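In what follows, structures are represented as structure tokens.
First subunit A sits with subunit B, and in the next complex the same chain sits with subunit C.
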Partner chain A sequence: MKIYHQHGHNFVWNLDSYTEDGSGNGHILSPVNIESDKIPLRLSEDIRKVSFFDPQFYLPHDAAKKLQTYTFFPKNVLNNFSTSDFIEQAYDIAQSCLVFQKELNFQYSIIPTRYFSELPENALEQLTSIFLDPFISEHSRITDAPPLLLTVIVKSIQLEDELLRSELITWITNYPELRGVYLIFDNDFYSKQIKDPEYLSNQLLFIHYLRQNGLEVHVGYTNTEGYLLSIADPTSVTVGAYENLRSFGIQRLETRESGTQQGPTPRIYSSKLFQWIPNTSLPPMRRLIPDWQGLFDESPYSEYLLNPSSSLNFNRKEIYKHYFFIFSRQAKELPADLQTRTSFVVEKIKTVLENFERISNHNVFLDSNSDGSHLTSWMNAISIYNSEIV
Partner chain B sequence: MAFKTEYQLTESFLLKVNQLLDSYIEYGLHTQSEVRAPGGIPDYVIYRSIGNSIHYLIAIEFKLKNWHRALEQAFRYRNFANEAYVILDKETSNSAKENIVLFKKANVGLITYDTSDSIEVLNFPIPSTPFSDEFSREVASEIISTNIRTTDDLPFIRTARGGYKLSRLRQLELLA
Partner chain C sequence: MKALDEITSKCSDVQALAKGGQKSVLSAIHPQHGKVVIKFGEYRSINSIERIKREVELLKELNSMYYPKHFEFIIDDDNREFLIIEECIDGKELSESTSAFTEVTAILSLIQDLVKGLNIIWAKNVIHRDIKPANILIKSDGLPVIIDLGIARFLDKASLTHSIAARGPATPIYAAPEQLRNRKPMIGVRTDFFLLGILALELYHGFHPFDPQKVGNHANIVDNILNGIYLPPNSSNNTFNDFIEGVLKVQPYQRFRLPQELADHLGIKLIL
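Presenting the complex of A and B:
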């Protein structure tokens, strides 16, 4: 399983992590965060060859931030946003967007999608006429264009409802021109970790079905659960710096008035806990747990992160470079054989649960966004998934 | 009867606490609401200070419901406090009482209060030094509005003995 860096604000940390620490296998570019002419300057051809460009047409009427610099972005092309106007221009947009991706030598040609807050009945028809058909058609006319990946946003209802799920899978697998999908799961969980075993098992099944159909599956905007998803054999999952890159939310792609917001509590990722531990939990760990350092990983950044005198805040690059480093290492350790991988992941989860028990036995309290409560859901999700695919 | 709002619970309880504190004002006891601190904002802190030096600090979290969240918050306050308490509306505190062992494990105080002025102390924490010198300095700077350097002495960080005068707070039940 490969790891792609999901770019966003401060994507330079991802680039540095890749070149300096060897973390990850490639990058997913975010045009809302980089001007079109800056791409070849900021990313070498070697990097572009193992990366792909997400056109981010999610809100086609809103060319937020740096999306204004992309001539093919719908808002920059269309006079109005009627479906007929969009369809009329769709082939020109597709052509320019594909040529842009090819000329920069990206690994894949990405077919974008749009975001629906409420899923309309004719969603797939709309997406076919404004994106899928035009991009497939124009792609065939470009010599040596990189292989196609279709962006698919999967709403919770499309995972839960068997009919909708089947309809979506049928739609995706109906096009032999596609090499694979760039999958984005759109959910609205309040907790930082996904704790719904049904939802997780449905994610696993969805990935599994697509893989069974010979498609590459690149799952975007993943958090720690990317490790769990590995048992369904996705081609790649992602690592992202800020929380809005580890869980999909449309807000970061909207034009918004800037305001001052209090930053979140800085958290340190631990592969021994499959969790992000807030820096406010470190002092009791230091005081109450012998060998507490054993609950965290060593990296070029860990000394700084675990030093009590470091003035940690959520904008410190060390937090994220540490995570990229550790999570990439975890992915590399996964066995290639899927059955062995599943047993390996189950054993890891059991060990991590023991670590949480040790923390609790030393009277350190972790809140529900920092404890191991998501891991029982992981175990349940694996059981459900295994019973479905056998 | 239950309190209608957390504000009502807080104000009512603090009236009671302040009666007690007033009689010890000469010992340098002070209070402050909503102190910005790493990982949360305690609803109330009571501290003993001499000059610019804090000698003991208690952090309090009031909640009408969701005792577990209150416990998590109060536990975080132990990063910079010598004692941390959760104060709940008695009417909605049964679940917390059933889980008193968690408060004991966390070394967090649990007090219930009701509209008829009845106070019940279910757990007094054992005074201890804060978990974090760094966070304690941040909170002390916030309270006394002075930047505290790492070389400055803060008695409440190095010893939990400064709470002698504040231990009178343990008479709260007698006021009821």
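Presenting the complex of A and C:
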């Protein structure tokens, strides 16, 4: 399983982490965070070859500032946005968007999608006529264009409702022209971790069936559950700096976007806990748990992060570079064989649960966004998933 | 219909073959085309004449032994009438020829031919959607000819089916679950794969494989199709068993994905 850096605000940390620490396998570019002419200056061709560009047509009528530098962005092409205007221009938009991706030598040609706050009855037909058909058609006319990935936003209802789920998977797998999908689960949970085993097992099944159909599956905007998803064999999952890059929300792409999400408490990722631990929990851990440092990982950044005299705030790059480093290492350790991988992940979760037990045995208490309560959901999700794919 | 009179006056041995709904079918000997069928009737809506036009356009493009040749198409817009002249296939409906297809090897051979024939329209992004014994003619040399593309789905063209309809165009007991539920984005080659599965298994068993009396429940065939309840084959031929299992899944994404994948399984080469 590969790891892609999900770019956003301060994506330079991702680039540094990749080049300096060898963290991750590639990058997913975010045009809302970089002007079009800056891409070749900020990312070398070697990096672009292992990366892809998300055109971010999610809100096609709302061009945030930097998106205005992309001539093919729908808002920049269409004067009066409407679906019928869009259909008329769709082939021209597709052509210039694909040429842009090819000329910059990206790894894939990405077919964008749009975001629906409420899923209309004819959503897939709309997406077929404004994106899928035009991009597939224009792609076939461009010599040596990189292989196609279709962006798909999966709404919660499309995971829960078997008919909608089936319709979406069938629609995606109907097109032999696609190399794969760039999958984004539209997450509307309030908690920082996903704690719904049904939701998680449906995510696993969704990925599984796409893989069974021979498609590459690149899952974007993942948090630590990316590790759990590995048992369904996605081609890649992502690491992102701020929370809004580890859970998809459309707010990030609206013009009112301010760059970062509110998140004043700095948190440190631990692979020993599959969790982000707030630095406010570090003093009691230091005081009450012998060898508390064993609950955290070593990295080029850990000494700084765990040092009580460091003045941590959530905008410190060390927090994220540490996470990229550790999570990439976790992905590398995963066994290639899926059955072995599943057993491996289950054993890891059990060990992590023991670690949380150890913490509570020492009378250190973590809030529900920092404890191990998501891990029982992970275990149940694995059980449900395994029972479904037999 | 004036055109009908003109054409039949040129033909000999004109005989009525069938009459149903708004359409009638004659057979005749045409001075240029030889033995033909003449289909004629009224059309009631723009949608229905559009379907007929699409079918005719497709048949005109095809030059294949698996489909009847198309000769002439006349529309009388004033009277809302149409007339089609096609090659008359010298053969019997599959439903009348089932005795030739009781052995698994014969059934597989038929399926192989049908996949080769259907692949010609699949490659044009057309889904037949109505594969059933009545729409397959078996010629004296055993070769199947596929007829009646009247409800075919042209994936590159606008859908003619109303989204609000509870059921999509289909013959209900020879339909895939996605047709029965009218889930248009799910219609694809795998819809036809499912129909081939019903056809093959009906020939194998000698009865409809989703028949509630045979599967032992009190539902009906349509409900059993929707729920994937059928009597599986009890054959020693794994190619056949795996074919059935690989096409009769309720979820299209669990069936064989592409024509080539199906062809590989059946050990045939697809030629356009």
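Quick note on the criterion: the second predicted complex is superposed on the first by the 383 of 390 C-alpha atoms of A that agree within 3 Å, B and C clash if a C-alpha of one lies under 4 Å from a C-alpha of the other, contacts with A are read in each partner's own complex, and residues count from 1 in each chain.
In this text, a contact is a pair of C-beta atoms (placed from the backbone, for glycine too) under 8 Å apart; a residue touches a chain by one contact, two chains touch by 3 or more.
Remember, it's a predicted structure, so these values are computed and weren't measured experimentally.
*Asks:* Sharing subunit A, do subunit B and subunit C clash or fit in the superposition?
*Replies:* On the superposed model, which is not a single observed complex, subunit B and subunit C fit side by side.
*Asks:* In the superposed arrangement, does A:Arg42 touch subunit B (first), subunit C (second), both or neither?
*Replies:* Neither: A:Arg42 stays clear of subunit B and subunit C.
*Asks:* After the superposition on A, what does A:Lys350 contact: first (subunit B), second (subunit C), both or neither?
*Replies:* In the superposition, A:Lys350 contacts neither subunit B nor subunit C.
*Asks:* Per the contact definition in the header, classify A:Pro308: touching subunit B only (first), subunit C only (second), both, or neither.
*Replies:* So A:Pro308 only meets subunit B here.
*Asks:* Quick one: is A:Thr170 in contact with subunit B, with subunit C, with both, or with neither? Answer first, second, both or neither.
*Replies:* Only subunit C is touched by A:Thr170; subunit B is not.
*Asks:* Tell me which partner A:Glu121 touches in the superposition: subunit B (first), subunit C (second), both or neither.
*Replies:* In the superposition, A:Glu121 contacts subunit C only.
*Asks:* I'd like to know which partner A:Tyr209 touches here: subunit B for first, subunit C for second, both or neither.
*Replies:* After superposition on chain A, A:Tyr209 lies in contact with subunit C alone.
*Asks:* With the superposition applied, I'd like the minimum CA-CA separation between subunit B and subunit C in Å.
*Replies:* 45 Å.
*Asks:* Let me check the overlay on chain A: which residues of subunit A are in contact with subunit B and also with subunit C?
*Replies:* none
*Asks:* Can you check the complex and tell me which residues of subunit C touch subunit A?
*Replies:* 156, 159, 163, 178, 181, 183-186, 188-190, 251-254, 257-258
*Asks:* Per the contact definition, I'd like the list of subunit A residues that touch subunit C in the complex.
*Replies:* So the residues of subunit A in touch with subunit C come to 121-122, 124-125, 128, 133, 163, 166-167, 169-171, 173-174, 176, 209, 212-214.
*Asks:* Quick one: which bits of subunit B touch subunit A in the complex? Just the residue numbers, please.
*Replies:* Residues in contact with subunit A: 38-40, 69, 71-72, 75-76, 78-79, 105-107, 130-135, 150.
*Asks:* Under the touch definition given earlier, write down the residues of subunit A that touch subunit B in their complex.
*Replies:* Residue list for subunit A touching subunit B: 265, 278-284, 286-287, 308-309, 363, 365-368.
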